[in-house]
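Across the two complexes that follow, chain A remains constant while its partner is chain B and subsequently chain C.
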Partner chain A sequence: MTIPGFILRNALRNKRRLSLTVLSVALSLFLFTTMQTALHELTQPPTSEDAALRLVVRNKVSLGNVLPSKYRPRLERMPGVSHVMKLTWFGGIYKDKANFFPQFAVDADQLSPVFSEAEIDPKQINDFINEKNACDVGIKTMQRFGWKIGDRITLQGTIWPCNPELIIRGVYRKGIDMTNLFFHHEYFDELMGNQGLVGMYWICAENAGVIPDLVKRIDSTFANSESETKTETERAFQLGFISMFGNIKVLIGSISTVIVFTMILVTASTMSMAIRERSREIAILKAIGFDGWQIFGLILAESFGLAAAGGLIGCFGADILYRHLDIYSLSHGVLLKLDVTPSILAAGLTVAVLLGIISCLVPSYMSIQTSVVDGLKELD
Partner chain B sequence: MAIPLRYNLRSLVVRWRSTIATALGIALVVAVFVMVMSLARGLNATYISTGDPRNLLVLRKGSTAESSSQITRDEVRQIRYLAGIARNAAGEPIASPEIQVLVQMDRIDRTGTAHVLVRGLGPVGIELRPQVQIREGRMFRQGLNECIVSQRIAHRFVNCRIGDRFPGGKAEWTVVGIFDAAKTAYESEIWVDADEARAAFNRSFYGSILLRPVTDAASVTALTNRIESNRDLSVRVLSETEYYKEQTNTGAPIQFLGSFLAIVMSIGAVFSAMNTMYASVGARIREIGTLRVLGYKRRDIYASFLIESVLLALLGGALGCAFSLPMNGIATGTLSWNTFTEVAFEFRITGELIAKGMVFALVMGVLGGLLPARLAARKPVLDALRSI
Partner chain C sequence: MPEPIVQIRELIKFYRHGEIEVTALDNISLDIHANEFVALMGPSGSGKSTLLHIIAGLDRPTTGECLVRGVNVGNLSETKLADWRNNHIGFIFQTFNLIPVLTAFENVELPLLLTKLSTRERREHVLAALALVGLSDRSRHLPRQLSGGQEQRVAIARALVTDPTLVVADEPTGNLDAHSAQEVLTMLQMLNRQAGKTIILVTHDPKAAAFAQRTIHLEKGQLINGNSGLQS
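Right after this comes the complex of A and B.
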């Protein structure tokens, strides 16, 4: 019998225990992968080249305060600015409060130039621009409510006292958050009695080099005016938004630590059970000339294999599962998707490997320390 | 006759290494469950404890939060002097038109910024909230752009200590007092004078009116009807407690996280309990045989092993609850989607939550023990005795 064969036989001799242990390691690594992926999705907003050129201008006081719409021509005239789009969070209700999805009033003709990564049929863009109460909707929201192009929907304002009646004219399928709904800011203004208010301005810079100056210029232009502005890159804006949720990193980080710790406990305890059972065999191995390191190697290989098998099942299982699940509706809209990135997979597998090593340390030490005579005396 | 409990206890003690490892595994699952649920519990408790059932809140029709509601000055004038509103000692109607503005502030731990709710109100509004008590400093005075902040806000955000100043709209606000709001939602607020807030933040509108009707049920309904049926007023009336109850959906994602973790982790813990129990059965086959010879029935053996597994799980459950207890009362905060502001709250570990954690451990123990106990009960006596 070869050494690898010996290790394999040992590992397989109690199939029930083997499968229970592998499964519990797999479950823990599944959870670990899930938590890390969720953390990644929540704290690392997706970036694209187009997004790097976008700036967000909002009221300095807070997101709950608006800006005058008369700022727009002044922003457009600034050097380095290629597009300016009004964007107002509508926050309406579609039929029921539970049907939440993001809705924005925007300058219809600027939507495509500003969010250039959003994939949409060019004909649909024109339809959207040419009809006052048209709206563009992301594919996820379309699917969620079973909408099709040409459907009429009514949103009931909660922040703004108006109820826009919209016709779906375009569907975008890729690129940006696919749950958004965009409609004409002009129509919104009309419903609101042209009060001249805008939530934010989203600006496209001509190139990345002008951004630092542009940020300073915008904020200093409107300093000491009735509404002072705060300008930041889209990424800084999103990160700031995320920080409002509180310390998610600490929460998820500590839960992940507990999971890993639990895993070590479970695997280490299984390994010690497996090794205590064979203390007589280990004593015989020693008696026929295996030294401490060789015995450690045998135990390590078994524990390593067990943890690695669990790790592979858990990490890749999570990956495969999340590719096929509708995360958006499952998480009540908190998460858009769960993309298990290669680096998270690598982290998960590293944890599994370390687990395999750590959990066999104590049991192997104990069995190596036991003398041949004591080992042979053991009954079970 | 049942096998004495002492037999199970001793067996757990003899196998102390696997007992500890398995119990700790279950303990950690229970601890995570209790802690995450105590977050949701604390958040809900904050909202539920806020609001006085005697008060009514007037918001704009269709609006779900005070901070996104608008009430015109004309509406305030019409509502304030309606019959059916109680009067205070000075003879004024107890109706408080208020304004809510979000102000972005930096966190003290430098982990980012958050929106804090600034509430502009007058003396009547303060009178309506007796749970708010000044702990340090004094109440704000009109005309000086002074403000008072809650203890929790003072702990969580920069420039919120007495004497500090922070910008908000066109004004600079000076902190003159720190208040304690008995763990209600007001613990997440900064209070200023209503008129000063409207001037500083350029608002011609108010956000809401909090009022106290004269105290009998008939007149409350009459007042509500009078306000809601008036076609000049685009408002809705709800009781203050009802309003805060609506806000509790903020905790839903946390609750989801708690249940998800509990379910997945508990499956892992059940597997580990099964492993331990199988090993325990395997090592005691001769003992099982002896017990059978002594006259114990199969079902006694079955019950005995199941009880042992449950004991093990309950030990874990108790440990887990003990681990989570230090979190009780620790302050934290999150974003409320309704008001779009930071809501400060604390982990709240209630007796009910502890009980749930223990029941959860019990279920894990039963599930983990069923199959190994069955195996033990089914061992033929002779085989069992013969095995070494």
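Right after this comes the complex of A and C.
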């Protein structure tokens, strides 16, 4: 027998309680990992080199206010700008409100240059560009509704008083959010009576170095106009968009804290019970020569092992599960995926380790403080 | 006569329960020599277990001193005291106190985990101790698979395995039937006579005390028959 073997025997003596405690820690760590991963997905959308060059120009007042289409030529002429694309959120309904997916009217010929990381068959790009009521759809939405190239779909406008009738001509994969549907802004303008309204402009800068000046130049150009602009990087725009849901970081952080605190109480309670049951044995161990620190080490190792087992199951369980689940469907489009990053795994396991240490501090201190004689008195 | 292995001088121990002070041992002076088998007898509350605990380094005297092989046990720090107990004291308790999840072999091996012995050396010591108490064939049994008498013999093997200076037994037959009690006491006597072990037995049973070479009577914390072994 070895000391680790002795610790293992102690840990396994009440298998039902051990299983329930490990499962409760695992479930809590699973929730913690899920929360942190969701927060990560919401606040740190995937970025690419192309995305780093993209700027979003929107109405300074709010996202709900539009910009005039006459801004486009002025934007195109600005030094450092390589591409300009109109993009307007359509927000229509496909058959039923539950079938939500993002829909945008865009300049068809600018879609590929601006979102260059999206993979699409060149023939399909041409088909999309050359047909006014064509649309280009992300693979996830295609799969969700079982669509195929050539299918006709109708979107019922909710924000805009029109119902675009579209033909699917392209399917893009990878790169950007694979749930979007893009159709011609020209078609949208036509349906809206050519009012010249644009939700926002997406701009590609020639290189990262020009971006700071470009942002200032765009906003100063349209300052004191009928529609002042706010220009920001794609990443800043996305974070700002998410912040409209409220302070998600504080909310998720609070829930995570409650989860961790509850875990500490559950594990501390288990360790207290386990140690109290063994107070006579701890007294015997002291009598035969184990000192206070050695007893503390035995208890700490057991508590640590229990918490670590729960942590490994919870954190890696979440990682494995989310690799195999269709998060997009399950979250009704709110989340594209739940990618448990190494840093989140490390955070979860750190929480588990701290949990193992903190939860045994009080019970082990109590057991160390109890004299051998007092411990032995409990025997007889 | 050789130097006493245990020297107790003017030892006083009192406990405080709230505002009440209880004197457990009142000015005890006592010598115990090597290879002696001493019985501490007395009624409940006479202080015999307290005296045993002080000799074994489980408790500290209020005043006075307790020297075991010249070491003043009461002056050792908690950590040194734990190490000292591991090296010098073998405990036998009334309720056996084996670890229920460990086999007889592992229970006996437990005190050796704190030593620097190799696995092979530990195994040799454990098998020798189990053979000494006649339980070589029960080494893989868990405590619940043993009779009370067998459990106490495993506890004796655990007390002996480190080859301690003193074996202290606190009412070791209190939870045993007459036959098993006889077996255990005979074994302690055999260990004293054949292996030369110094044994201190706490009991309130005169039949058990009869196995010892010397009986020390305590009452209300004081020695009452003057059989202290002190050399004049």
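Note that the second predicted complex is superposed on the first by the 378 of 380 C-alpha atoms of A that agree within 3 Å, B and C clash if a C-alpha of one lies under 4 Å from a C-alpha of the other, contacts with A are read in each partner's own complex, and residues count from 1 in each chain.
Rule of thumb we're sticking to: a residue touches a chain if its C-beta (ideal position, glycine included) is under 8 Å from a C-beta of that chain, and two chains touch if they have at least 3 such contacts.
Here the structure is a predicted model, which is why all the values come from computation and not from measurement.
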item: Touching partner for A:Val353 - first (chain B), second (chain C), both, neither; value: neither
item: Partner chain in contact with A:Ala308 - chain B first, chain C second, else both or neither; value: neither
item: Which of chain B and chain C A:Leu197 touches, first, second, both or neither; value: neither
item: Contacts of A:Gly292 with chain B and chain C, given as first, second, both or neither; value: second
item: Chain B versus chain C as contact partner of A:Val61, first or second or both or neither; value: first
item: More chain A residues in contact - chain B or chain C; value: B
item: Partner chain(s) touched by A:Leu42 [first = chain B, second = chain C, both, neither]; value: neither
item: First (chain B), second (chain C), both or neither touched by A:Val258; value: first
item: Shared chain A contacts, counted only where both chain B and chain C touch the same residue; value: 379-380
item: Contact footprint of chain C on chain A as seen in their complex; value: 1-3, 6, 9-10, 12-13, 280-281, 284-294, 371-373, 376, 379-380
item: Chain B contact footprint on chain A (complex, rising order); value: 16-17, 20-21, 23-24, 27-28, 30-31, 60-65, 91, 97, 156-159, 161, 163, 226-227, 239-240, 242-247, 255, 258-259, 261-263, 265-266, 268-270, 272-273, 277, 331-332, 334, 379-380
item: Complex interface listing, chain B residues touching chain A; value: 17-18, 21-22, 24-25, 28-29, 31-32, 36, 60-65, 67-68, 70, 101-104, 107, 111-115, 168-170, 201-202, 234, 252-253, 256, 261, 264-265, 267-269, 271-272, 274-276, 278-279, 282-283, 332-335, 340, 342, 388
item: In the complex with chain A, residue positions of chain C that touch it; value: 53, 56, 58-59, 78-79, 82-83, 85-87, 89, 91, 93-95, 97, 99-102, 105-106, 109-111, 113-114, 158, 171
